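Worksheet for the structure shown next.
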Amino acid sequence: MEMKQINDLREIQLKIEELTHAYVQCIDDNRLEEWPEFFTEDCLYQIISRENDERNFPASLIYCDSKGMLKDRITAHRQANIFEAHVYRHIVSSIRITSHENDTYTVHSNYAVFQTRVNGNSEVYNVGKYIDKVIFEDDQPKFKEKKVIYDTLVIPTLLVTPI
Amino acid sequence: MEMKQINDLREIQLKIEELTHAYVQCIDDNRLEEWPEFFTEDCLYQIISRENDERNFPASLIYCDSKGMLKDRITAHRQANIFEAHVYRHIVSSIRITSHENDTYTVHSNYAVFQTRVNGNSEVYNVGKYIDKVIFEDDQPKFKEKKVIYDTLVIPTLLVTPI
Amino acid sequence: MEMKQINDLREIQLKIEELTHAYVQCIDDNRLEEWPEFFTEDCLYQIISRENDERNFPASLIYCDSKGMLKDRITAHRQANIFEAHVYRHIVSSIRITSHENDTYTVHSNYAVFQTRVNGNSEVYNVGKYIDKVIFEDDQPKFKEKKVIYDTLVIPTLLVTPI
């Protein structure tokens, strides 16, 4: 490969890492109103169990297929949550571009989310992997798809904050 | 941006990542005498709860504003700790330069620290975020400021090892 | 250092990170048959407690010194495991090249593995560090040595999946 191509690929890798980091810090800082902006207008955000994903069962905990739905979700979340009972902390690792087709990059990564409740204890809340499809709009990476495939089956289904 | 500028910025990003990695491995390897060397002479190291930080309450668990104080802290820690009762393991992710002014880079990252006690069990000890100010001295990155903002409120206050 | 040398070193760093990421995702996806391919033919894979490693006690939980042994291990694991009772999720951070001699790079990193059991709960399974020796075969990085030094002493010794 030419040096320029390698540099371009590395630049894309680093931009996608930056996207992922900014994404989780946005959630952890509870700036949820900014969260939909990480996605393209016409997007897919899905939270699905590892079991269902492996068996190709479509049943998801969350399934949003437009940025509008993501915004609605946050509005509902804010109205339903009377007080801030929990805080979250994401750790993401192993962000890898596994393939790319035209301008779409498929990216795999592992995550662990820790929850700290009002009693001050931090616990493993949810672990799993992200499978993302990233495109660049005006040189800015965006999630065209973000599939959250969780290992942890014990998850409160009522009011899930984004993962 | 010019290719050279991009390369310079990437180089700085990678050096700051390396600084952070070396920092946590120093603590995890219990080489605490080397720990102050990650800081500038005139520095700030602070461990503060998320709650206090968000409300601008100054009360911190630890507040050291010089490298001398960091060294004193380690000396005290070594003398007070009669035996090594716990070991620590840091996982850091999402190291991002969020801004830079003159030669000072502001860097955000997330961390999780696991503690393994003498019974051999590993547990989530503390999770939170770092907000660092990094400068370069003779091409070596150093922490001018390291603010540890923890989510986990249940933390033994008596003898805190660095986080 | 010349720009080219810096670029070469960065390229090596990124390739070693990619190797580590692909390695853990292979285990987490339960594609264990592919796992030995991350190693050279003549290799060392060792899982040893932090205590034994620090005291230079040789007793290891796992000690395999060829790719053939790694393959045997997976075969045994598959035959002994009648059903998939657990899934694993690795988080790796702080991947650092700490030295290199000729074509061998010594790499340190921290890991945390979470286990999700059939009841759906995710727990901290094992934390520790990797000390790896990486060489390049036809431009592909491989583990010549992978030493898993674990903090967590409570670990089922009967059927350890690779860490």
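Assorted remarks:
Chains: A, B and C, in written order; residue numbering restarts at 1 for each.
Assume a contact is a pair of C-beta atoms (placed from the backbone, for glycine too) under 8 Å apart; a residue touches a chain by one contact, two chains touch by 3 or more.
Here the structure is a predicted model, which means the values were calculated and not measured.
Comparing the contact residues of chain A and chain C by number shows a mostly separate set, under half of all numbers used being common to the two copies.
Here the C-alpha atoms of chain B line up with those of chain C after a rotation of 120°, rounded in steps of 5. Here the CA centre of chain A is 26 Å from the CA centre of chain C.
The residues of chain C that reach two or more other chains are 7, 10, 91, 93, 112, 124, listed in rising order. Against chain A, in their complex, chain B makes its touches with residues 3, 6-7, 10, 13, 50, 91, 93-96, 108, 110-112, 124, 126-129, 151-154.
Listed in rising order, the residues of chain A touching chain B in the complex are 7, 10-11, 14, 18, 20-22, 24-25, 28, 87, 89-93, 112, 114, 116, 119-124.
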